[in-house]
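Down below are the structures I want you to see.
Two complexes come next, and they have one chain in common, chain A, joined by chain B in the first and chain C in the second.
Up next is the complex of A and B:
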């Protein structure tokens, strides 16, 4: 057997092994999408990967059953605003903590990180009282502010700080000699070079906001202000039993933005990794 | 273009004094090289001049202008970094024009100046490329181009050739020398490589522990080192310095030996003789063939190891007994403080 044939067999073995490992991850996803096209009876009938009759109507009923379009929009705009604000706040705070020498900066980082040790479930009640005192219940404001300035924002800030610390200081010195201010260096040098970190923060933040369940459950009460995680649990019959065909169709729809974010951010990460530092 | 004046410049990091009262006058158009061992403060001094570090005390003047409190971008200096510090997300053209763009120079002017600098440095074919697509030498040329484009009064080079391989370093050294001749700007160059310092500089500033040991032309420093440190720092291989008392034949060197505590002899000034003919004799403990000659490590009883450069293809073999000789005018004499003692018969023109 030649070396080339050995490599080919090795490669085939790898593909088969990885395909087997992938089944537990991919199958539930395919099952969800496929069941979104089935009737409720078919879902609980003879199991089949593909529907006998493709019920496209499920996807129309999802929008008729409750203000799903509005709820979908709520989730998208909240996740985008949270992601955008988190990127701005965490990159500014991360840069300051990484590069500006001030008394107590390390202590501040330790203090911020120690806040991560407190579970969100513990702080939800005091947060609720605070938000109610501010008159912001049943609005989207807490769903935006809490992730940006809460534990999720701290994680993002820490990630950005670590990345900025690894950027070559010479580049910033060159920027200073070129006439950039501190904010100019952040905007025109540090940020463009931090695309992998920004992409990672964007993915984590978007997904966190997209999947947020406890806070919307506590702070929201109007159906048209619901976000998707709340709305998905709302496809029930008058007796409170889940309408599986609608729930699975809606869940399939809910996955679309996540996939788009992954595709965009992943490309950013790969492209940015191609850039090297100052020498090589 | 402008000269540079440092008056009692100090720099402290917390309680640690890194630059301890440096006085220096650099004439307009001079090529001055700061050289010294690691940690001597040469890069810090360059950064203080550039404005990237605040000065703790003293005065820095560029031309007639006091620049202590002037921010880096407004001092009229441009710096070439050891790491090149090219912006990886910008093309060569954008890198070179970045400073002008920040200063809101018209795009047409930026283009003209970048093209001119690129032509000077033979970078025209690389303007659309990113730094990662260039070799080390090309990147360094872009870094120099970026400095040229900003048309500074003073160029600052912080060990710019350290990351290049030996062959490219020699080539780029010649390019920098040619650039200085062509532009005529004041250039201040930091290096720990004394060959670079000797070949490039009009004047060399030797630093140790944040202080200037000696300032002078390469020839001056080589021939008239002020003290043992400078004598051993300049020249490769370094000067042999031994206690005068340990050398039985020291009296035969001649001249006034009053107060002489140690004597220095450069390896290239020592000649190999028959064991019985030399001023002193020793045994070759190691013979390193270097092509044009050999570097001998000679054990001289009571005085330690002498380095001797023996020219030509024939070299004394390891273990051989040899004699060493030197012309009296090539012997450097130092006192108890390591300071040079001028001698009537040591060097021509010495005062």
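Up next is the complex of A and C:
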């Protein structure tokens, strides 16, 4: 065997072993989608990756069982609002912390860093009473405000600050000479230059809100207000046992669009997580 | 540098009576004001409040609250056997999850940090569970891990293994929860390791290879020491994450069976929002806060020392 052939065989073995490791990562997705097409009976029969009969009705029943369309919409609009607000709030604060020297800035950084160390589970109890006192339980307000100003928002702020600090200052100085105010410099010069950071913040914030579970669980009680993660676990029979065929059909509807976007924008999404991971 | 004289009149025109420095400061505080306000209302205030709550006996149903001092902490640490059971579970979860996660993440990163045909496909696959909601992930695995009808046991049966009823036996349930969580989150650490590996200059390994070092020696002597700072951060992040895990367990096992997977974050939720023991739950939250704080300080200290 020549050296090249040896290398070739080695490489093939390598890819095969990686593929075996990949099974538990891929298999759940395939099984989820295929079971979403099965009937309740077939699900408990002999397992097979493909359904005997493709039961499209599951995907209709998902919407009849509970206001799933409404819940889907809730998740989308909340995630969009949270993302928009986070982009504004974090880039404003990030810009000031990166570019303007002001009394209290060091203290503020220390305070914000300390927020990163405190899990949401610690502050959720008083936040529940605060929200109840404001009469905002069973509304979407806490699901919007808590992530924007919680640890996730702080991560976004530091990410923006980091990026602004690495930007060359010349353009901003030129803007100042042209008579732009600070807000103008931020909006017209700094923000357009930081699209990669804004994109990263948008991606991680959207996904965080989309997948949020503890806050909806604590604050929401009526079905029409539910978000997707809360709704998914809710396809049960009167005894509380899961109706697997509906549950998996609904889960597929929630997961597949995210996976499609992820596969298309894989590089960008992975990089966004890497940026925050190193920081957080 | 002197401020340009051309601009000076305009500045005083816009904000009469304020010095340049003052104006800069005002703008800065205007920029950070939403963050500061949100921080006070939703973070600092609640953090102070939870300390007070933890010193009260407060029942959410009867709406009564009395000051009890350290009693809730004493309850947790000395009287309530559940607490130590929960702590044991949390530690088992963390000690099971962290090494498994790190080892797998490093192995995957070592396999995937250099380009080859198909490398992107594999990276995409191993990272996919990270972007998937924990709820969906837990639901699917709960489905796959059912006793006899579950796909995992059916597959095991074809190779002659009689799988346990994964989520109904305490030890197996803990094992199953850990492994499925590792599969869910390992992609994140893999990415961090890939970045760290790509930052090591290639000459290091090349030089070692010319000296006749084996692959294992290169890993042991060159790569692993260079990864130490990354490893430190990854270990601490993963450990903190493992103490916070909630949704995954809530949906897969509901803390059961026999409280076998009841971990700290879940216990806090249960005490506060299912049993309405606000005081006790707040004391637990403070204990959790100190655990996370201690882990973070260890990380900072080790990084300061610079030996790692």
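The rule is short, and it goes like this: the second predicted complex is superposed on the first by the 231 of 280 C-alpha atoms of A that agree within 3 Å, B and C clash if a C-alpha of one lies under 4 Å from a C-alpha of the other, contacts with A are read in each partner's own complex, and residues count from 1 in each chain.
To be clear about the criterion, a residue touches a chain if its C-beta (ideal position, glycine included) is under 8 Å from a C-beta of that chain, and two chains touch if they have at least 3 such contacts.
Remember, predicted model here, so these are calculated numbers, not experimental data.
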- Query: Given the touch rule stated above, what does A:16 touch, chain B (first), chain C (second), both, or neither?
  - Reply: neither
- Pick one for A:134: touches chain B only (first), chain C only (second), both, or neither. neither
- Query: Of the two partner chains, chain B (first) and chain C (second), which one does A:60 touch, if any: first, second, both, or neither?
  - Reply: neither
- Query: Touching A:174 in the superposition: chain B (first), chain C (second), both, neither?
  - Reply: first
- Message: Once chain A of both complexes is superposed, is A:69 in touch with chain B (first), chain C (second), both, or neither?
- Response: neither
- Message: With both complexes overlaid on chain A, does A:223 touch chain B (first), chain C (second), both or neither?
- Response: neither
- Tell me which partner A:260 touches in the superposition: chain B (first), chain C (second), both or neither. neither
- Partner chain(s) touched by A:47 [first = chain B, second = chain C, both, neither]: second
- Task: Identify which of chain B and chain C touches the larger number of residues of chain A.
- Result: C
- In the superposed arrangement, what residues of chain A touch both chain B and chain C? 176-177, 179, 274, 277-278, 280
- Task: Using the touch rule from the top, collect the residues of chain B that touch chain A in their complex.
- Result: 47, 50-52, 71-74, 77-79, 81-89, 98-99, 102-103, 130-132, 136, 139, 146, 150, 163
- Residue ranges of chain A in contact with chain C within the complex: 11, 14-15, 18, 21-22, 24-29, 31-32, 35, 44, 46-47, 88-90, 92-93, 95-97, 100-105, 108, 111-112, 115, 117-130, 145-146, 148-150, 153, 157, 176-177, 179, 181-183, 186, 207, 210-211, 213-214, 217-218, 228-229, 232-233, 242, 244, 247-248, 251, 254-255, 258-259, 262-263, 266-267, 269-270, 273-274, 277-278, 280
- Task: Using the touch definition up top, name the residues of chain C that touch chain A in the complex.
- Result: 4, 7, 10, 24-25, 27-29, 31-32, 34-36, 38-39, 41-47, 49-50, 53, 108, 111, 116, 118, 120, 122-137, 139-144, 149, 151, 154, 183, 188, 191-192, 195, 233, 237, 240, 243-244, 246-247, 250-251, 265, 268-269, 272-273, 278, 281-282, 285-286, 288-289, 292-293, 296
- Complex interface listing, chain A residues touching chain B: 168, 170-171, 173-174, 176-180, 184, 189, 192-193, 274-280
